[in-house]
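The following pair of complexes shares a single chain, chain A, combined with chain B in the former and chain C in the latter.
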Partner chain A sequence: MTETLTPRPASVSSRRAIRRRRRGVDRILVVFAAPAIVLMTVVLLVPSVFTVIISLTKWRGFGTDVAWVGLRNYVSLWQSEIFRTAMLNTLILVFVGGAMIFAVVFFMLIGLRHMRGAGFARSVVFVPMIISPIAIGAALGFLLNPNGGVNAILAAINLEGLRQAWLAPDFVFRMIVLGLVWSVSGYYLAIVATGADQIPIDLYEEADLAGASKWQQFWLVTLPLSWESTSVAVVLWLISGMKTFEIVIAFIGTQGTPPVQARTAAVQQFLATTGGPDGTPQLGQASAIGIAIFALTSVFVILARRILSRDRVELS
Partner chain B sequence: MTTTVTPSPGRTRANAAGPAEQRGGRTRGSKPIGNHVIPTFVRVMLWLWVAFNLFMAIWVGISSLKTGREIFNSPFGLPSTPVWENFVSAWSVSGFGGAAVNSFTIVAVSGVATVALAAPAAYVISRSSRRLARGLNTYVALCLALPVQAILVPLFVARTEVHRFAVEFLFGWWDDRLTLVFVYIAVSLPFSVFLLTAAFASLPVSLTEAAELDGASPARAFWSVVVPVAWPGIKSALVLNLLNMWSETLLVLVLLDDPALQTLPAALLRLYGTMQYNANWGGLFAGIVILVYPMIVLYLWAGSRIMEGMTAGAVK
Partner chain C sequence: MSARTLGRAAHVVLTAGLVTAMVAACGTQFQEDETGDDAATAQDVTLTYWSAWNIGEPQQEIFERLAADYTDETGIEIDVRYLGRDVTTNLINALGTGTGPDLFDAGTRNILDLHERGFVANLDGLLDQEVPGDGGTVGETLAPSIVAAGSSEDGLAILPTYITSSGIWFNAARFPELQEQPPATWEDFIALLDELKANGEVPLGADGSVSGYNMFWFLQAMMRNGGPGSLRALGEDAENWNSDHVLASAQMVQQLVDGGYFQQDYMGTQFPAAQVAWANDEYAFMLNGSYMGGETAELQAEGFEASTFVFPMVDGGYPTIDVTASGLAVNAASENSEAATDFLAFAAQEEYQALYSTEAGFMAAHTAVEVPPALGPLAEAIAAAEVTTGSNDLAPATNPGWWSDVMNPLDDALFSGSISAEEFVAQGYEQTATYLENN
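Up next is the complex of A and B:
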């Protein structure tokens, strides 16, 4: 009897004690979380609902009439040559630029293994990521200027023929993509390499023993086992690539409006919001662009998760 | 004895099997070449990338001390005498002085306030057993998925309304920079809460239990026990926010028209836009240095923590 009874009060009291302690954190839950949650609701969630509503109207801003137009903004975006170009540019940037970024990442990953100074190299190639894209655009913009550094080098090494008007409307977007690839690849390399770091070394030793070449080791060991961090990197790239804005206007400067051939969807939205070239804001259209960016990004992220999570390798 | 001997037959067997496999054509006979040439080639490319980044950082600094003519005539040469006037003209004539003060104040206030709001929220979300806590966690993840494009138009519209409302009904005064501060805090909150929730969840529960057994209130236990222990994580959340806000440009352009209120990236963009008229390239590079070098210094000081926060935080 006593044996069965004595543990009981103890367990009850300790459970009660836990509950009391838990109740401690539970009691401050609302007070501690409220400021952050309220601010997020007021500045993020409520406006996002308004974006949907405004996207169904024709509106030039306060003091002007609001006309309900239903889905007409989305239809006219779809029909607009300018928006289609901007969206296509965004997709080119995300997919072609993304392919270049991850080609660079995997290529460099081969070299990072067992390299002396790998940590230093990783931290240096990471730096452009934390630098303002405006500064990167301005510096690269000078180098690519008709009289700038790149053409000067080409002239100096007798390759005059390769000189280009790098910043001409038809050419500048390629330069923007290259500039972006340069400035963000180090970040994704760091993410993927963090995953690759966790691969046990004996796997490589075993692969060596089995006579696998470095190339095979990369395909059979490094890639499958850093797949999870790779898929995180891909998702992050999709999210940030889809809203590329700063580096585009940095290449052009605000004074001149970016030429249509070089605009991304986010740039087009910025121009529609603030009025851009013709000076009148088109808030309905700008909202519709925002929703389109959000919707497309969500679709890409979900698809990427599906595709990439399929062949995950469990290390037993 | 046997344990030291057994590996060597294994190795010889592997070596014997290796060439046999090669002759089988699976590795196309290129194994020795692939093993050394590819990694070496990759390493050369990697170090070239590192060299290019270092070169860009130094080149920008050197160019900021050259006259406009020197910058164009010998883009990669050294200045005959350092032209410190470039910084004077950028600072006072091109408005980088005021912009630097704006940047510094806005970023410092928003960064500290973000972490101050995010930390308590993240703490209760990570510790509370109430169902509400799980709901809040989902809510934060939802807000994290919202791109700034999805709220841009309502923010642009609300800016004038907030200004008018504050002036007419609340304080008789308002500064649009305060609007920007609130938006920065709200936009940075989801990521900060997310990052800190992971940091707090990894702390042992016994820490706060001990404090509360000693009679500390839950709030007191958070402040005197959890915050000091989780300080490294809180600091890296702060640094990441500072970096992001320092480079942020889109919201500045949308929420602040008055150049006197804008931050450094907007000042650089404005100066860059005038280059085709006044060609003050020395001043432009001085502006880039003012914008970029503080971040590089921050990176030199907290580089490993920044990389960790931006990559490990993402991979988790």
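Up next is the complex of A and C:
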């Protein structure tokens, strides 16, 4: 005699009860999710679909004809040396600038752990994040103009040979990278530190007793145990870095058009959206740039999440 | 309460709300005139104006005074929103969706675009309208070149209130002889720069981080060598780069760069550092807009007398003067267009137009208003101009993508000295051909 492995069918009444429960859950879901779904549809989905459609057209905005051009805006971007430069600049900012930002974050995590007044130091590093770009632009103008503070200091300490036109088109992008690192490092330090602050102090005491250097303590204790907050910070940086805009305008000023050497993809999108000084909007191209930035950012975020995902370290 | 009952109740409430809102809206928009008079009284009209100026700027203060006097005179209120320079994008969207204001700022640089979109009312009738109090018509207060600068192909598009141009700025207290006898030719100008340089002075100042200002030199050279439309033509057909006047103009810019006439590290100078230094008498000349005198008025060194002369002439060249008119436009879809046009006639009074000269330091559009002394030579040139062009030869207005992606970067490269005049022309040809093929 063999036993049947077929599960016993649920009774009709219990199946109805399950369905009723499911219906109940669905109804509650609909009631609570509906406002969010409607809101997201109106403010996100519809504009996004509209942007994709506009990116396939040549359109200067209300009052002008819309011409369907298919993928021509994308082909044009691909062939545009200006856009390629802007995208390359963006990638340099994201990866080189990003490496510098997280180097600052990690060095500060190592340095601040044993420092008195670490909280105050963290606040100081965070301050640039809350300064308005206009103020940053004014300060940078004062410091980096040919007759500004930096060249004056170099002259005062007999290093006039290092004098530079720091804001000239061929040099300004390097200043923008440094300015960005200076202005946002505190923000990412604050995020990563939320994880690092949870690490029990006795782990470091044990590491000290075992003779681990500060560097080894960072690699073997701090980084693994704050991996989640670091991953979040990296993803946030990828998203934010790909949209870098304000800091470029802060360096160049609002009076002029940023030189090609300093443009990012977002700046190029801004120029297409507004038409630049005296110009008219080119919304098709601006939308195509927006889609390109979004697509590339999505790829980076997905890759980053895959690369950075690992099992959570649990302390027993 | 069951879900169905709740849904029904919500439906009733929403419907009632919608009906109430519609009735209220009708009450606002279409309420009957209790007097039975078809024509709206002045008190029923409120004009709306979106300004490109910010609170505290002289133009904002001028408008405030004008609007207050107009309301006192007619009872018509003017609802103003000072939105600053970012108004343009919002304005186009609002005008396109029928929610735009009755009045807005416009000028030569965007009249063609706004007209093409059907957003600006034709103001030809305003020219024949009497200016209240002053006698005479609005048309009689404006020079023909200014009316042309404020018009689209279909007629007047704005009430011009002030005009801008560009010229070479200098301190008349330091160079009194230039007031009577400015350098007439390019060769004279270069000789003057050489003389200053030999004396250890800095002949030219430039805020090199502003590509629009860097462009002034090539633009003016083109307007002399190729005449109006020659710069705009470079973005229309790559072959136009092969015209002799393009290379000749680029060589003039290269001559300035190679001559070392600009201040040290001029390409790294962030606006407004160079014009502040000029006002402090550190540089002899700056080629800039007619607005620079007003912008630096409070920074000028003691005894400084700002003045201008027009860009020097070249052999067989064109006496082109760039004239950009700015002023107030009326929304083509405005329901208050009659009141808005009446307001413009009121604004055309000499009393108000004079404020653009005395308070803002501009050349007022009104012919009877005296220009600021610094702009006398430019104003004379404009009044006598037979050959005029608009802002940047209207190139950015007609071809914005090419302007920001090809022309501006190439001009910056030429102006910085990183490419020669010949390379400028060759790259201009190549990049324009590629741009036009892809766009």
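Just so we're on the same page, the second predicted complex is superposed on the first by the 267 of 316 C-alpha atoms of A that agree within 3 Å, B and C clash if a C-alpha of one lies under 4 Å from a C-alpha of the other, contacts with A are read in each partner's own complex, and residues count from 1 in each chain.
Here is the rule we use: a contact is a pair of C-beta atoms (placed from the backbone, for glycine too) under 8 Å apart; a residue touches a chain by one contact, two chains touch by 3 or more.
These numbers were taken from a predicted model, which means no experiment stands behind them.
Aligning the shared chain A places chain B and chain C in steric conflict.
In the superposed model, A:G279 makes contact with chain C only, not with chain B.
Shared-chain residue A:A135: touches chain B; no touch with chain C.
Once the two complexes are overlaid on the shared chain, A:R27 sits against chain B and chain C alike.
Looking at the shared chain after the overlay, A:G179 reaches neither chain B nor chain C.
When the two complexes are overlaid, the chain among chain B and chain C that reaches more residues of chain A is B. Of the two partner chains placed by superposition, A:G98 touches none, neither chain B nor chain C. Judged by the touch definition given at the top, the superposed model places A:T297 against chain B, while chain C stays out of reach. By the document's definition of touching, of the two partners only chain C reaches A:A168; chain B does not.
When the two complexes are overlaid on their common chain A, residue A:T257 makes contact with chain C while staying clear of chain B. Of the two partner chains placed by the overlay, only chain C lies in contact with A:P146; chain B stays clear of it. Taking chain A as the common frame, chain C overlaps chain B at a single listed stretch, which among 23-31, 95-103, 131-139 or 419-427 is 95-103.
Shared contact residues of chain A, touching chain B in one structure and chain C in the other: 27, 61-62, 141, 147, 253, 255-256, 273-274, 281.
Within the complex, the chain C residues that touch chain A are 3, 88-89, 92-93, 95-97, 109-110, 113, 116-119, 207-213, 263-273, 277, 391-392, 396-397, 400-401, 403-405, 408-409, 412, 416, 418, 431, 434-435, 438-439.
Residues 27, 60-64, 72, 75-76, 79-82, 140-141, 144-147, 163-172, 251-253, 255-257, 259-260, 271-282, 285 of chain A are the ones that touch chain C when the two sit in their complex. Of all residues in chain B, only 10-11, 14-15, 17-18, 21, 27, 30-31, 34-35, 38-39, 42-43, 45-47, 49-50, 53-54, 56-57, 60, 71-72, 75-76, 117-118, 120-121, 123-125, 127-130, 132-133, 136, 139-140, 143, 145-158, 160-161, 182-183, 185-187, 189-190, 193, 208-209, 212, 217-219, 221-222, 243, 246-247, 249-250, 253-254, 264-265, 268-270, 272-276, 281, 284-285, 287-288, 291-292, 295-296, 299, 303-304, 306-307, 310-312, 314-315 touch chain A in the complex they form. Looking at the complex, you find that chain A touches chain B at residues 21-22, 24-30, 32-33, 35-37, 39-40, 42-48, 50-51, 54, 61-62, 107-108, 110-113, 115, 120-135, 137-139, 141-143, 147-149, 152, 186-187, 190-191, 194-195, 208-211, 213-216, 228-229, 232-233, 236, 239, 242-243, 245-246, 249-250, 253-256, 265-266, 269-270, 273-274, 281, 283, 286-287, 289-291, 293-294, 297-298.
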